[in-house]
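Please find the structures below.
Okay, so chain A shows up in both of these, paired with chain B first and chain C after.
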Partner chain A sequence: MDTDNNKNIFDQLNKECNEYSKAIFLESCVEVAKNGEQFGLTTEDCFPEVHCALGLPYYSIAVFGGVMSQMPQAFDLIDKSKEMGVGSMTCSGPKLAMYMVESGMIPKPNMIITGNQPCDAISALGDLVNSYKPWADVPKFYMSAPHDKSEESYVFYGKQMRAAAAFLEDILGRKLDMNKLKQISEEANKQCQLMLELQVLKSAVPTPIDWTWGRSATRIARWGSRVGSPVVTEWLERLVAATEQRVKEKKGIDGITEKIRFMWYDMVPTSSEKLFSRLANELGAVELMDYYNWGGPWTPIDTSSEEAMFTSFAKRYLKDTPMVKHAMGTVQSFTDDITRLYKELKCDAVVLGLNIGHKEQNAMYRVIEDICRERGIPIQMIGCDLWDERYMTGDQIFDKIQMFFEVSGLIK
Partner chain B sequence: MKSGIKSEVYDKLAGIAGNVSNSEIENWQKQGGKIVGYFCPFIPEEIIIAGGFLPYKVRGTGSSDTSEADEYFDTKNCSFVRHCFNHALLGKFDFLDAMIVGTGCDHTRRIFDNWQVAPLKTKLVYLLDHPRTMGTEGMEETIISYYRAQLAKMKEYLENNFGVEITVPKLRNAIKLCNETRLFQKKLYELRKVENPPITAAEMASVLMAGASIPKEQYNEYLKTLLKDLSSVQGVKKDYQARLMIIGPAIEDPLFYSLFEENGGEIVIDDTCFGARYSMKSFIDEEAEDPLHAIAKYNVSDVPFCPKINGSHKNRIEFIDKMMKEYKVDGIIGQGYVACDPWGSSFGMLSAHMKDAGIPYLRLEREYISTETGQLSTRIQAFIETIGGRK
Partner chain C sequence: MIVGGCDLGSTTGKAAIMIDDKIYCGDIIPATTKPALTATMAMDSALKKAGLKSIDEIEYIIGTGYGRQKVPFASEDISEISCHGKGAYWALQSVRTIIDIGGQDCKAIAISDKGVVTQFEMNERCAAGTGRFFQVMAKVLTCGLEGIGSVSNISDNPVSISNQCSVFAESEVITLINDEKSIPDIITGINQSVAKRVVSLVRRVGIHDDVTLTGGCSKNLGLKKALENLLGTTIKPLPVDPQSIGAIGAAVFAKEKLLAKRAKELEVSSKE
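Up next is the complex of A and B:
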């Protein structure tokens, strides 16, 4: 494959991804509502496979906050949410979503599923959605994600998921086609395997593709209404093949001379496009892994029975989805994942976003630092607001990371 | 301001509330008794009592600084958690033989992680996973059963580590004992319905706080005596301008209550963790065949006013509305700690509800221990004056 051809493939993949991921934006939710179609709203984006099998468009309001923080009017909306009386230190993503609900910016859904994960702020957003008066007549389902990591906990959550699916069936007046769910799940298994393959390829030195590709894969393979669609599998296969080609050719990210390899161990901030490209261009520092770039491993969905499928959904959600897994897990599981990925991806350093909203991370950051130091992993805490750049700008984050690389001897 | 209570028992309870440790704890230990600490009412003290332990609700009384805890928690974390952990690091809770932490919120949950690595004398620490929803219709039993299973694990943890057996009759007795506490506390609350309550909010808070720091049998005896002492007392006639209800997490700082009293407000009822939320709802079934199930059911279905519980807002509002009527409340104070997401958003919703209902509402976001009270006092004064002006 020649260089131009390889570039064309990536351009094409990018174009398709933008098209497929439209479903996560507000406009598409407005569109569905305008067409009079039924749609669901959730804070507990735990079983996209079920939504897809039911053919139910749905909107993860938890994702909304993050996605909407890119809007030009985001700062204004965040400030207005403070006027509502919401806690001043609540994560800006859900805060923004809270304001959007309260001010009627989000069309009225036909069904709502809320829960308590991954964090208090999302749980609080769920409660706000549930008590929003204009939506009082919308049927609601509440879920409780367990913190305990035993088999019985996964069965418990799987049962809730099955009941939530029955709740959706009742409202829609149609049954969940188990064969279809099985097909989607098997396809989703393939997709997760491909995401893992992509992650393995990224461990090559130099890393073949930039951080945005993992995010694109997550957007279409784990979020929204195309999960388990063969179109996505095919997209991922092409991405993996094109990446593999670059590895074979020992090609790094175009235009970048790779000098430092690091993980941003969190969701990426709104400033990430500019921040990561500055780090790559000015310091040769390439970002290899973050919560959007997560390649797993993901628990395969066991399709041998209905119960097995739902228990697998529970596992995949609670023990594999990085934000959920880390926010609800122990400091041990958090640092064990850092260590594993640091080694697998041949990283030089780890940066912890330490979002102001991540209270549970803030509550253990010293222990994380100590454990990482003991294991010889250079780590830097940032302490930004992922969704509000006014708290810490991308340039300030850049300076902090640059200094950390200098102190760690990574910039000579 | 003091109500003028003349009661030896009250003085004793106020003394207990004013300190982290107390003579009852010392006596308990001298007699070989073990003490188990906990943070949140979702950790059922009934199971601790049934194991023959003294349940002790950890609090930051007397703390003025969090510098030790800030080596573990960030300053973006709740000051309640930080003050308590600071006390732990200073050895103030060394009398605890074990500590039970719940999965209630993102801050308290990390006490478990930090407790394990911090140089603390109390080595045994357990994390109890409790559900965060009351359950949708038809799902309650699934949620209750899960919680019951988690309670059974906690029971086993205590049994295995201390070589005790927590039997069904022991659990039933413990339920009875705690129900009795709730009943007496409820009676105390009822005394506050009158125009001049014989006990102030700050005094009441002390009485309630003391209850979570000493053996229950003894506490119930104290409450009986206190109720007798108060029945013959007329409250001090006060020229207050507003009867207030306060809502939020546990308030363990008497200075905070005095800010209302100084500014002409009388807090007559609350919806706080160890206040009315503990005592005012219902009782645990004492005769239940499976007491663990009864405890789980109580915590999942009967008392979830706490905003950490998904879907509980409606239930909370109903309780607040009911209490407002019964206690002739003029205005509502929503007070929570900086960095608290569950209460933070709940207050946003509460504010909308109060606005619709035309009820004066003041939102206060503050730290667990009041140090800078000037600004708070000014806001409280302005709020109370507004209510006074409306009457």
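Up next is the complex of A and C:
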């Protein structure tokens, strides 16, 4: 495969991903509402496979808030949510979604699933959704997630998920096709394996592709109502093959001389496109891992029985999903992953992004910093608002990261 | 060898020139709306102090500070964290902990016995614990920034300021004034409040003697005293203007960079 051909493949993959992502969100959030079709709303995006098997378009309102924060009117909506009385330290993504619900901007769903999310803002969003008067007649299901990690917990939550699926079945008036769910789950297993392969390939020095590819993979393979689609599997296979080719040819990111490899340990901020591009171009610092780039490993879905499938969904959500697994866990759940990924991806440094909305984890983050430093990992906590750049601009974050790299001896 | 450093901070511009090993600091220039102009004014002042006629006489200049990329005559730029570490160590080699309180941010910096920065912590966007906090308070108290620093010694019964946020603290101070609390007691309370906030940052990098204070707020004697009380140690004064430490550090870096450059050139020419 020559260089031009390789570039063409990535251009094509990018084009397809953008079209596909757009379709996922349009399909989930806009088109079905326009057409008067049934659709769901959830704060617990824990079993996309079930939604797909039921053929139920739905939107994860937290993801929706995150997507909306990229829109030009986001600041205005965030400010209006403050006027509405939402606390200034509440995570701006869910805060934005809260305003959108309260002001009638979100189409009325036919069914709602909420739960005891580890994220206080999403929990508050769930409370708001559940008490929003115009939606009082919408059937609702509340999921109770255990906050410990044990087989019993996974079995318990698997049962909760099965009950939630039954709730959806009742409203839709159709049964969940277990063969279809099995088929989707097996396809989703392949996709998760491919995402892991992509993560392994990214550990090559120089890293072959930039951070946006992991995010694209997550976006189309883990979010929305087309999870488990063979189209996504095929897209991932081509991405992995093209990336592998670059690794064989020892090619780094086009136009970047890799000097520093780092992780941004959290979801990336809205300024990340510009921020990571500046870091790569000006400092040769490439970002290798964040919550959107998460390649797992994901627990394979055991399709041997209905119960096994639901228990596997529970494991994926509670044990494998970044932020959920971390926020429901101890400090060790962070430090083990940071240490593992730091080594696996051959990182030089870790930026611990502290979202203002994660303020309840402030003390925990300090302990994480201390433990990682004891382990010899250069780490720096940088406070920001992931969804509102006005709190800390991309340029200000760049400045702090540059200082951190300089102090860590990574910039001579 | 003539080298220079220019520290373009959020509220002031500072420049230092090093001729051989002697440092000449210019006046502290209040920031204008044009960063390049502030930098030029600061450097012009340093040139005058050093007895130089033109900036062209300076062989290497490092820009630092918040606006370091806007210093038009800089050969390259280095962050203020590194420059404060370098400058403080150059001025006093026993320094291991630096507390830098500038106009809009506050930093705690740990340096090794070789003068290398090993860790730093800084505030986020919040103005609490920075010069901006004092500016807001000075305005409410109509005493000027100098007044904030000069009256702590005459306070018998400092008030407690519970709010860290400058907006809420401003309201709190207005209430205290209306309650007829004495101005020295309020000012001492303000200094203690800022000191508490700063010390929590310093604890993150560790309190290792000698501790020194840099930045514009280092001239606030009341704050210095409050910090000493909370840290349980004496803050060592620097033999140079602590507000110019960033610029001095930048000049020291400039010297090192120039020497390295010359050595490289020599190596190349000897190979040829």
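Note that the second predicted complex is superposed on the first by the 404 of 412 C-alpha atoms of A that agree within 3 Å, B and C clash if a C-alpha of one lies under 4 Å from a C-alpha of the other, contacts with A are read in each partner's own complex, and residues count from 1 in each chain.
In this text, contacts are C-beta pairs under 8 Å (C-beta built on N, C-alpha and C of every residue); 3 or more make two chains touch, one makes a residue touch a chain.
Since the structure is predicted, the reported quantities are computational estimates derived from the model, not experimental observations.
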Comparison of chain B and chain C by chain A residues contacted: B
Does the superposition put A:A308 against chain B (first), chain C (second), both, or neither? neither
If we overlay the two complexes on their shared chain A, which of chain B and chain C does A:G85 touch? Say first, second, both or neither. first
Touching A:F167, do we find chain B (first), chain C (second), both, or neither? first
Name the residues of chain A shared by its contacts with chain B and its contacts with chain C. 366, 383
Per the touch rule, the chain B residues reaching chain A in their complex are 71-74, 76-78, 81, 103, 105-107, 109-110, 112-114, 117, 127, 129, 131-136, 138-139, 142-143, 146, 149-150, 307-308, 310-314, 317, 334, 336, 338-352, 356, 363, 365
Seen from chain A, its contact residues with chain C in the complex are 366, 373, 383-384, 391-392, 396, 399-400, 402-404, 406-407
In the complex, chain C touches chain A at residues 66, 78-82, 117-120, 122, 124-125, 204
Could you list, by residue number, the parts of chain A that touch chain B in their complex? 81, 84-91, 98, 102, 114-116, 119-121, 123-128, 130-131, 133, 140-148, 152-153, 156, 159-160, 163, 167, 327, 330-331, 354, 356-360, 362-367, 370, 383
